[in-house]
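One chain, chain A, links the two complexes that follow: it is found with chain B in the first and with chain C in the second.
== the complex of A and B ==
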């Protein structure tokens, strides 16, 4: 016996020896099982939540969670099996209704059950990684009810049938549909997709494929598009009412593919109603609709754009090569502007100002305007017409509008230097004849050209304006110093033109009548007196004169004529009849000019101040001219001169073209030298590219011409070929 | 050389080819070196062939124009006689090239002297001896290139930038006579019908490149090849007239 065995005393809580009644778990479970039954049988009101909760709690606490859980599964499953059967038994239209009702009930039951079993849900389940009660309830519903073979296929069929019916115009119970699809979504996105959405999309595709085929055979393009739009809107509405929002993009895709994409070519090309017809008839609404619909499919807009572009190009090409149209340049250009306006309107109102369409329009115009080499001349003639009379009485804003339109056409031109040449000629005529409607308008256009092309382009044009102003000042000075001398003599008004700024004119012979020689000399002396070192030469082919004429019965008229015509008419002060040869000899006016001048004096009705023998239309060397005593006119002032700018004749056109080509050579050479000076060494193709780039604001240089200029520069030893690589050129300092 | 046996003849030819000298010189050196070609070549290059200035002067005076201090047409004719060559012979071009003569039908004193120095000849015999070698220089591609380009400045009119068409055609026929140039005739015809103007230096020099680089069938003619525009037009002309039909040869 050891007395040393000391044990440490430990104080412990008094352990009640809990003898767990082995039947305890079973008993408790039965209570809960019964409760579940009651709940499913709508007898929940008689149950005590608190008691049930406690029971569940205790089961879990006493480690009977497993039994509770598996019991729940079994019980719920068997109830759901019953429910399946009852749903399946439902006939026809009641099927969905029944399903929906039972679903709602199940949810309510599930809620209650979950509440009762909350402790388990919070402790046992997470610990054992089992599915929580609510989710379990949903999964069981899915597996036992929805995926019950008989229900699954029937459910799908009925849902799709409803959609079909609605599409045919029947009214269906949308609320019910909504509940069902919501149920599917609650069961999990893959349930919604696999059980419903997938098939919905397939069936819809078939439906629309068929329908679109029908429509396309029976409708014209506009109608078809209306129908397609309607269907699209319908589907969107459908989704908002009873489908998952994510289905929207998928179903619209289906409709767009079947109705639009599959038929887009046929629609666009449709005879009498397709894109081209819509454009021609300006059906903005239809075009807008087409744009919106086609935008949704790949290459839809590309198709529209391409068809429109080739149509514009063809129309433009026709316009530009139509000889009838080309007879009247002003009209022609107006047509171009109208065409542009039309398409601008279409793009703005129907195509949402889509930039790619704008660009396509611009490139088309650029393409066909440059097909006709006379476009620059015609555009200048158009401007001339506007500035001469077209813009009379027009408000300042409207003037700007017209000028801006002109600038827009100008930008399309590749040969801007040709335009410059003609513009200069026409401007000169306008300035010298004082025929410009508005000085402000003229200047405004010059400013626009300067902004577009730089100072170089407009410096000479501005020089012309300066000359006009300076001439005014000169005349003032002249009259001030010589005014008293004139008395009864002719009044002289001179415009002094600086040679470089004005279009070059050949100097022609012309003997001025004695009556004005005096004052002309006076002016010459006056001018040279103040400007030494300058040379003056009379441009007799550009001037005008006002003559006071008295005819047979004393009728007086004031005739406004060209200088040449003045020289001719003054001769008739001393003779009543003169032969062509005599006139030619005295005046020394060049033949073709003289003939033109005589024609306008003798052969034009209302202006025939001279009579011609014989009375033929053309002027022959053997003709004789007489003063027309019997000339009458309603007007006191009669204008006979022909100074308005006219469309050039073919030979004149050739000549101008040649001069332009000659002018281009030094410009190309200057560009080559500039480039080579900077780069020192450069290969052929790059030189051509650089030169083209540098000159593109004026004209498009011909690569063959560039090559010839390079060879000329090689010969003049500005450049040499590289010894190793013959495609390389070197700058020779 | 006919007195020598075949072996020796061969050695002489080798020497001539390597040293660029005439027959007599070759035999001389070979004899000196016991008919060992390599030794004689070494010896030849070691001892530079000097020309006798006095002899050169004499030679110059033989051909010099009585009135001016240069060799003119008569002198050249005499030279040709001495050398036993035709004045129209292309070898005269090569000789002029050696002299770097500035223009046809005349040699300045300096040109003559310097040219003969370069050729290492100071007597007519030596000169005559070297003729075959000089002629062979045309076969050397690099030399031919130089000679061809030299020909432009030499044959054109003094003071002009370009060469008259007829002169050019004459020169081309001369230069390409041995070269089997298929396109030459077409080229000359093309120029006479379509161009009829003077030929620029660039066109002249580029033509040689063209003939060298581009096949008769024109298959490798590159339109982007920066050829002078005249040559581009020539190709167009050939195409128009269906001349490059090697493309159409049966498949």
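== the complex of A and C ==
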């Protein structure tokens, strides 16, 4: 049994003659037709599935699929017509019920029919591109029943009526509604949409249009919004119970359009209850609701933001220009901070920390803070107050909080260089009088300023701190070497200030009393001994002195006074009465300072260690001063020194302004030269834009001033106008 | 006639040509002769101790020419002569200038003056002349600006004819304002630009954010306030 020849194995079709009985098709069809009838008449139990299946199979096999199919169509159609009639006959509330029932039955029947005709479904139908049985069943239902005009309009009306009833508070059969809408969906999304949803949305729009009109006439803003929210939630719930999920966004859209969008402006601006009132009264819940609702409509949030912004700007502007408020700078700044806190709270709790709202708030603050040219000064005074006493006994964290708030205000300032000037002045006073509450707090603020503005901003300020420290060391050295010399003489404490770091002070004349000239000279020699090549000048307008004074009845007091006051008082060791002129002559203190100094010594209750003749508030050239023997005070130590930093008088303010303007000129010129050196050729507008950008961290340069500086640079031949295009400037190397 | 080599003895038949012993041709002789006339004219007006024509001489020249001392044509003449110092003409300047004009006598000079006006008005020359007019007023060494009074007069003289309404208005402003007591060359050159480019009296196309000098920004603002 070696290599067997392998023959190709073929299976051939079983050729057996099939007798095609011409009546065969008709007979078979009749069987099936009958079965369909029985199925629709609920008599399906008596049928043999196997037999029916075989019959259908055979018909298709013997090429009678067409007959089978068209028979199916006819039969089913006629049954459905019957069904239509019965549904139509149903009265009132039973209509939906009947429809629903018949639909369920039809589906069951359809299933059975489909199972029986499965062979046709799988072979004949795809080959001839006819509609499959199940789909056919649905289409017929749709065309014959649902779109039967009597049924169609009635169905629509009843569905919508149910919705309306439910909206007015009635209870309806939700399950039934669900089945019906599901039926429509099964028949095809376009059926659901065209037969129901479209009209549902239209009718709903009308409904809500009317209702919103009613509400808006009768409710205030908060109530209205509550109602709108409620209706929205209702609709969402309705959809989840008996509508297609895709309807949710459409119906909510309708509600939002009719209830919110159409009345947006009226709501926001409603008198006594609109947005502004809610903000003022801090109605967080209402505001939050308004935010959520308005978020859903286009430009809803824009509207809220715009109204809020203009309100903040107006309020801020009023605050800034109110002369009463401006009298107390510390109070003024506190008000600004309170205002900011208030709005921050609203944005976090009601407006979900929306960034666009934050930005709007920031830009509003920036706008009105810079409307008042004295804002930089006032903010510095606020800081001064806090660092002198406001932060006494406050925890480190709370100190940081306050300083951060100050930085926040600082960032809004356009004229940061003005702030720097005042801050320097106030810091100098604090340091020299030793009045700072906490060295750490001071340094912490400097660090924050440095982070914000860079090293240059704070280098001089840091220089001041360094000087204070260095002076301490110097004093130690001085006392160590000269301690024995002093003995009973006056105790001297010196702070040596580096000129560049401290605010410029004019040198004033003042003749120091003989008693201290000695020790002053000793110090000068000591210092210059270790620091050759330096020049020292006594700043008599910045010093203080502690004097031990004995009055008429032997009462002793320790007086803390300014250097000027010390010079004046020491004169009374040798004379009981002195005229103004005499005092002026001997001390050589400048007139306005002298008058101020005498005023605080003679005209202030509780501090009048001198008596003035005649008794009056102001110092006249003709006044005479006497040592006040009868002076008394509860306290042993009496402070008569100069007061803390105060807001500048108008003329002082003008002067500072001028100095700031003068300081700005070289900065602008430097920026122009820097830019032109890099760009070589540039047109006017671009120079202005670039200069502004470069200087924006310090101040906002005035375009007119920039132009003036350019012209000055042209005159000094740093720049020239381009000969071809007169709009351009050229850098001249 | 082109100059010819000196070795030639026989000259071509030409009645006007005469070859002198040193070989110079007639044109240069004519030149020398012309130069002589120019020089003679120069000496008529020059101050002998200075060696140049001084203000007095110019005044005399003016009256001979039949023009006023302050006439703009004298300024134009100075421009043509490229005179450095106001009120004075050096011999070099005189020679170069008159040669350029192609004149060597007073009558010819008189005629040339009207031609000169047209020449100055040519766009290519006008700006040059205008700039020159300012420089001519810088009498001191290192002087860079001219006082308002003089500027007003100069504006009137130089631009008054062509831009009468603008100049009248501008002069009024210059006298009233007190931001600037002097005008520098940059501002001066922009006055001309202003007259040429900006529509008057509406000043519609003036843009203060452009590179116009501040003084003109102020002028426009003043004008707009006046007319509102």
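We take it that the second predicted complex is superposed on the first by the 713 of 733 C-alpha atoms of A that agree within 3 Å, B and C clash if a C-alpha of one lies under 4 Å from a C-alpha of the other, contacts with A are read in each partner's own complex, and residues count from 1 in each chain.
Everything that follows uses one rule, which is that contacts are C-beta pairs under 8 Å (C-beta built on N, C-alpha and C of every residue); 3 or more make two chains touch, one makes a residue touch a chain.
Worth saying up front: this structure is predicted, and the values here are computed from it rather than measured.
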| item | value |
| --- | --- |
| Fit-or-clash call for chain B and chain C when the two complexes are aligned on chain A | clash |
| Touching partner for A:615 - first (chain B), second (chain C), both, neither | neither |
| Partner chain(s) touched by A:491 [first = chain B, second = chain C, both, neither] | neither |
| Chain B versus chain C as contact partner of A:8, first or second or both or neither | neither |
| Contacts of A:480 with chain B and chain C, given as first, second, both or neither | neither |
| More chain A residues in contact - chain B or chain C | C |
| Contacts of A:721 with chain B and chain C, given as first, second, both or neither | both |
| Residues of chain A contacting chain B in one complex and chain C in the other | 683-685, 704, 707-708, 711, 714-715, 721, 726-727 |
| Chain A partner contacts - residues on chain C that touch it in the complex | 144, 184, 186-187, 189-190, 193, 209-211, 213-214, 217 |
| Parts of chain B lying in touch with chain A, wherever the complex brings them together | 161-162, 200-203, 205-206, 209, 224-226, 228-229, 232 |
| Sites on chain A touched by chain C in the complex | 683-685, 688, 703-704, 707-708, 711, 714-715, 721, 726-729 |
| Of chain A, residues touching chain B in the complex | 683-685, 704, 707-708, 711, 714-715, 721, 726-727 |
